[in-house]
Amino acid sequence: MAVQRALEQKVDNTAPAQQYRTDLPPTPIKICYIGGGSVGWAHILMYDLALCPELTGEVRLYDIDYRRAERNAAFGNILQSHPSTVSKFKYRAVKTLTSGLKDADFVFLSITPGSLDDMARDIAIPARFGILHPVGDTVGPAGHVRALRCCRLYAGFAKAIAEHAPKAWVINYTNPMTACTRTLTKVAPSLKVMGCCHEVFGTQNLLAQLVEKYLGAPKPHRSEIKCDVTGVNHFTWITRATWNGHDLYPIVQKHIDEPGVVRPYKTKEVLATNNVFHNKHQITFELFKRFGYLPAAGDRHLAEFVTGFLKNEDEVHRWAIALTPVAWRKQKVLERIRTMKQRAAGKAAIEVKHSGEEGIDQILALLGRRALITNVNVENQGQIPNLPLGAVVETNAAFLSDRVQPVSAGPVPAPILGLVSRHVYNQELIVEAALEADEQKAFATIANDPLVTIPMDNAWKMTQQMLAATKPWSYSTNAPR
Amino acid sequence: MAVQRALEQKVDNTAPAQQYRTDLPPTPIKICYIGGGSVGWAHILMYDLALCPELTGEVRLYDIDYRRAERNAAFGNILQSHPSTVSKFKYRAVKTLTSGLKDADFVFLSITPGSLDDMARDIAIPARFGILHPVGDTVGPAGHVRALRCCRLYAGFAKAIAEHAPKAWVINYTNPMTACTRTLTKVAPSLKVMGCCHEVFGTQNLLAQLVEKYLGAPKPHRSEIKCDVTGVNHFTWITRATWNGHDLYPIVQKHIDEPGVVRPYKTKEVLATNNVFHNKHQITFELFKRFGYLPAAGDRHLAEFVTGFLKNEDEVHRWAIALTPVAWRKQKVLERIRTMKQRAAGKAAIEVKHSGEEGIDQILALLGRRALITNVNVENQGQIPNLPLGAVVETNAAFLSDRVQPVSAGPVPAPILGLVSRHVYNQELIVEAALEADEQKAFATIANDPLVTIPMDNAWKMTQQMLAATKPWSYSTNAPR
Amino acid sequence: MAVQRALEQKVDNTAPAQQYRTDLPPTPIKICYIGGGSVGWAHILMYDLALCPELTGEVRLYDIDYRRAERNAAFGNILQSHPSTVSKFKYRAVKTLTSGLKDADFVFLSITPGSLDDMARDIAIPARFGILHPVGDTVGPAGHVRALRCCRLYAGFAKAIAEHAPKAWVINYTNPMTACTRTLTKVAPSLKVMGCCHEVFGTQNLLAQLVEKYLGAPKPHRSEIKCDVTGVNHFTWITRATWNGHDLYPIVQKHIDEPGVVRPYKTKEVLATNNVFHNKHQITFELFKRFGYLPAAGDRHLAEFVTGFLKNEDEVHRWAIALTPVAWRKQKVLERIRTMKQRAAGKAAIEVKHSGEEGIDQILALLGRRALITNVNVENQGQIPNLPLGAVVETNAAFLSDRVQPVSAGPVPAPILGLVSRHVYNQELIVEAALEADEQKAFATIANDPLVTIPMDNAWKMTQQMLAATKPWSYSTNAPR
Amino acid sequence: MAVQRALEQKVDNTAPAQQYRTDLPPTPIKICYIGGGSVGWAHILMYDLALCPELTGEVRLYDIDYRRAERNAAFGNILQSHPSTVSKFKYRAVKTLTSGLKDADFVFLSITPGSLDDMARDIAIPARFGILHPVGDTVGPAGHVRALRCCRLYAGFAKAIAEHAPKAWVINYTNPMTACTRTLTKVAPSLKVMGCCHEVFGTQNLLAQLVEKYLGAPKPHRSEIKCDVTGVNHFTWITRATWNGHDLYPIVQKHIDEPGVVRPYKTKEVLATNNVFHNKHQITFELFKRFGYLPAAGDRHLAEFVTGFLKNEDEVHRWAIALTPVAWRKQKVLERIRTMKQRAAGKAAIEVKHSGEEGIDQILALLGRRALITNVNVENQGQIPNLPLGAVVETNAAFLSDRVQPVSAGPVPAPILGLVSRHVYNQELIVEAALEADEQKAFATIANDPLVTIPMDNAWKMTQQMLAATKPWSYSTNAPR
């Protein structure tokens, strides 16, 4: 769940104060937030909107659980009355998707597909066949079955948006990012769709730290690290990185070569940290050493994209990462709700500050108020010429007035092309499987996943059990009301 | 000759004062300018460099006529001592290309291929067959024969640069832009090459004027007009334009619909202006009306790209344009040299001011000091998916640290695809003809040009005469010393 | 009208006696013939079916003029009772398209779009603007307006076939071949569609004659001439030809070099022949000389694909061809009907013999009874990598059981790529214009045609007059009953 | 080693007697056979040439072991004097490759890269890491290291052929087929190259048997089974199969559904057969059931292309296949040499009969004496649009005079695209690794192979040991003398 991950990761919010344009009046916009009861990304957006004087308007929160949307709307309006707030926004919960979408300019999607209990089953069944998932929301059997649930819901969203907000920009935050985004582009090709994720920012931050450590400069903001970005979400690669003209690859190599940076970890030292996001970049660095290019996602995600890191739990820990229990996720959500309630009730202080995320900058660029170049997940229109056209990939793009135009990233380098393309084909296939309710394609996706190394008849049994445990096929692809 | 055109066109230099970065020391660079004796683009660069505090270094001027290079070097150094100058640059003329290129970071090319007498013959022979050229430097039989001369010279430049300055950014200003740039990419694929032209800026300016006229806003700077740009140089199209979120196409239509804006012109009123750059956008507007998209080049250029505007001189004038006599071009060069001499001798005042051109911004972006999105001529890597890969096309691109990455422009719209693609195939072919010294391919290019509507056996005769009059084949493709 | 052309052209029917398979029983098939009242291609099929022992079944004739279909059905049944006939087929006229299509295995289309009076107008209006058409059924303004009429009818056919005979092979003979075939593939992508034309056979025959003349071998059957075929219908090129391993290009060159083979013709000698199909291959040879590749269509067609052969009637005759009056076409149809009636009434002898056409061989290959490699018009799936995917092109293809798989023809050679691609884009555009009833696209097609060299405002007037004279837009795209 | 496999497999040689053309004299040809000392494919060619009256000429045998070439040449000439022989061919061993290639019309390649001891090490080292290879000559770590040896040798062959026999058809039989063939096309793009393998014929035979069993027809010859063929060598798929219009997929399903056809096998029953080619199509049928498409190679090969069949030796046997010991291979070669010697000495009878292979038919088609459609390995020119251009793939092709033109096979079906494309990327990469002597790319290939499921640091160790054990890098890429 990207929403939880977002709040954990130390995103750098020390950016130099936003320079807002004062020569133009604020642009009025209507936002519809699907999954508007969430306490993750929805809250990030609320805080950042509060601080942006260039925008005004209303935010409609739609959620399958209306009370959660209501609770968030109330909290959003509380934020708007905070003394630090500089914008004028009105929040309201909506009971139907249709009313939320009507003429919206921007639609955000950030949902939990099914329940956390579904997610627990996604992970538990493969575990019985010896297949472990540190995350379980992107690829691996768990990610694919989650995609089955997601895509059918998203087909409904796509149709509803195309009908009620055909000119809106549609911005996805839900995982599996690629499958969700691709469903939107496939079901409603006329929509303007992108998927946004901050995972690359984390690696830019790592590089910014290395600039400070090895180049003797003050730690630059991550956006000063100029990167060539290519791949698919959570398996994105920074194939070149510079800062002020300095090539940063030799510096990464220097860092790896330092004693103690790369080493096997022991189970007990990993568990002792009591941190499910424990990440010493051991898999990042192993892939960099062996393939010559730098992956740009957390190790927990990377481990799910390549065969050989997750044979058993000791092996998982050897690479300095841990599995993420679903129980922990449940606990986290409860904590966040409690905090919000306390803040809403005035029992805890509210501090309105920038999240360091980029959503607002993207909106401003799409409105034609500035230009922006950043990484984003959109259909491959040739930006990566050696991956299939139409597949959703992650590269840099230019955000111009009402346009997200990916920049030419060039071909995925030969040594990593096999690793990456495998997932592209698989993600294309799971979307087809979901939209066509085709179990054979669902199986083919799972059988072809790097985590699935068991005999084919066993893989078939596992798939049958997983499909039975979830009910992806029962989700209607019709537009929700 | 782009160099002359540059100084004629009223480029908007009223941009808000450049905001230069002061947090980083100036970057030292070495520039080699091929055609360094020119009094057009070379002077523009000198003035703009003088005003940029973020750069320092040296500029080597190479020219087939060493004395001209020397004269320019002296003038450049005079500029550097001017009180308004804020940078430190040293200018020197070089006797060999090799010494000019050695370890250069940037190589500019802006030459006259052959003499103005060659150009006069390029235009005079077709005229005897009833084929007129308002410009004669891009397409049409004159443009193609000029390309034959250019490409063989450029093949030599490409090899020399690849040997002596393999990491340099190579920036072409010479016409025919597409053929010259393509020769560089074809002969030396490892080079970093682009071709730059300000013709699109002119149309952005026209749109900025319409914003002022019809939207009641102060005339914005042309860079505030956000455009989708596609096509080939001098036949570029702005397929969408907005300002602050306003779609500008309806405004163009409104303008056209006003009485008197579109009308046939009479020969005498055109000649009375005594202005070879006379341009009432009549061809621009005719193409917009008939094809639904806005071309972004001067009418003199556009008329050479589409059959039917140049049947005879009266017909030329009917569209409010005039032919450009080569005698006029010769006169202009002499005037500029005279002016420079007077300024150098202190007999005329020197005013150091921004040209409004973008060369310096591009350099700063390539050095990683900022980001820039602008239009540029580079190889098609998929930015225009319905034109051939490898051909040089003009679209927007993101200029990032040491990268020019074209943004995905999408397919050329159906109604203009035939008009545009025809020239793409033709320009690919003339480069092949030149590099292979293949007369059949040269003829095929000319026979397939929109201006050539005469019987095929006559077209063959004309081609033979033109090839005999120039001596493109005698130019060595070996690197100049 | 291909139907008339077919009977004029001396197709070589001296093929060695068909070797029919006797190890398998005849395959029963159902044929639906749209345009079944025609006296051209429909008759050819009847004769060839009569002589094929491997097929049996029924042929349903559908025509907008039911009496013509009835007349043909009666004649077909007479042929079936002829002593030379070896097959068992039943012919019947059908009153509705639906009843004709029901479960058909093969659907042939060979219609006259509109009337011959429509065709007369298609040709007369451009003539007033100085634009001449020797044929007027493929490209040029006349061809494009004919396409407008055709495509809307064909959209209806496509839907009807997709509904009532979704598994049928659909074989088009109507001109404009490319636009008709493309409409079928575009409107009903799931259909199995091809367009067949014998124009290439004529050039194979010419080459077979040259084999006899210059290699001293007995004249081989045209199918012994192995060709690389590429391009679009009526502008197809044989880019390599061999016979028994001998390269035939040098022999073509030898032939051209003989005195008298290539020379200007005089109007009176052309008219003296009183033969609208007069063809001395002067345009074929001119294109071969200038571009280095051999076009494979009659000169009357070729002249419509390249600027410069049709400036006025004397110029037309200079290339040894003549214009085809529509009055002549009307006369021809009447003659054929008269002959049929006489034969049906026993007043003229019936001779049942092979036409030399390939329709039956194609059917047998599609039924899996043999393999066949021949030229055909289908969507570009990569067989010509430098033309747009999806466009209908003509190359060789392998006919295998229920499959027509184009063979890789490689890229169109550089010198002719511009000539050919221009038409590909134009034909794609006219189909869009027709299906979308978009006058601007119709104009863009016409303005971009090689025959249209008049000023753009005149081209616009001409187009308006042509569109008013025909009523393409009034044709329903709904399926005929 | 394909050569041994060839003689083992029961290729159907009951084809109806070849129908040879008598209307043309035999064509004289010069063949160069690289690996001419082999006792596999070289012998097959000798027998088939002896029986073909349409060809005449000479065969030069080149081998790294000259005495073996001499022995084969002597035997070839003995065959030519056999009473059943109808052709005139002269065999001679050559000491240098240059003399063998001089002006050759056809060059065959069928070599052992390194020794059988090398092959033993290729298999033994991965076995120590738990990775088993039933064959070890195509993919898996053993196949990739074999490719490293092959490609460097083949680079030399490519250059030599391009220099001495630039117009020859180059036909590869050596495994790994794809890597060998690709090296030829990459190093010498101007050569006419293809790779031929009979593995698909075996599956056609299986289908012919099912026709007999379920359709009650006499068993047809395999060439009567019309197939859509797609994929890469040894992992080719028959995505559609028909006989006389009957779809054969339902019949395959019917067969699988019969009791006992699909079942787990026991180690002892597999070993009891004492047959390394034991094949009950269990993997073929498993893949058909799970993915919906029929693979067309022996199960020993298939097991190496998909994760999950080779976990340990019991698991191997469960699928009814066995590992092939290199000791067995050595023994087989000795037996064949002994047999040849006895035949040459007149101590064993020589029976000259057709092999059932297609080499001769291909030669006749390339000489323009007939047309042929069959499956072949050539560069992807678009015949499989969803696999990378340039990669060597296996599909049907039309063999016409001096042309092998692949037919459009359409996209690889979605459920198997991931399985197939993975190997395409890997095979492209191992060729690059070999030609660039790049160990990182060699590792990337191995790490990305389906058989390699061990931790990445272990995979690295294994790769290091394998590279050290072979000496691929010591092979010169210069042309052998």
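Which chain is which? They are A, B, C and D, in the order written, and residues in each are numbered from 1.
Operating definition for what follows: contacts are C-beta pairs under 8 Å (C-beta built on N, C-alpha and C of every residue); 3 or more make two chains touch, one makes a residue touch a chain.
The structure presented is a predicted model; accordingly, all values stated were derived computationally and were not measured.
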Checklist line | Where chain A and chain D are represented by their mean Cα positions, the distance between them in whole Å | finding: 46
Item checked: Distance between chain centroids, defined by C-alpha means - chain B, chain D (Å) -> 55
Checklist line | Contacts with 2+ other chains: residues of chain D | finding: none
Checklist line | Pairwise touch network: line, ring, star, complete, or other | finding: ring
Checklist line | All pairs of touching chains, each written as two labels joined by a dash | finding: A-B, A-D, B-C, C-D
Checklist line | In the complex, chain B residues that touch chain C | finding: 286, 290-292, 306-309, 311, 315, 386, 388, 414-419, 421-422, 425-426, 428-429, 432, 440-441, 443-445, 447-448, 452-460
Check: Which positions of chain D touch chain C when the two form their complex?
Finding: 24, 27, 226, 228, 242-245, 367-369, 371, 373, 381-383, 385, 396-398, 400-403, 405-410
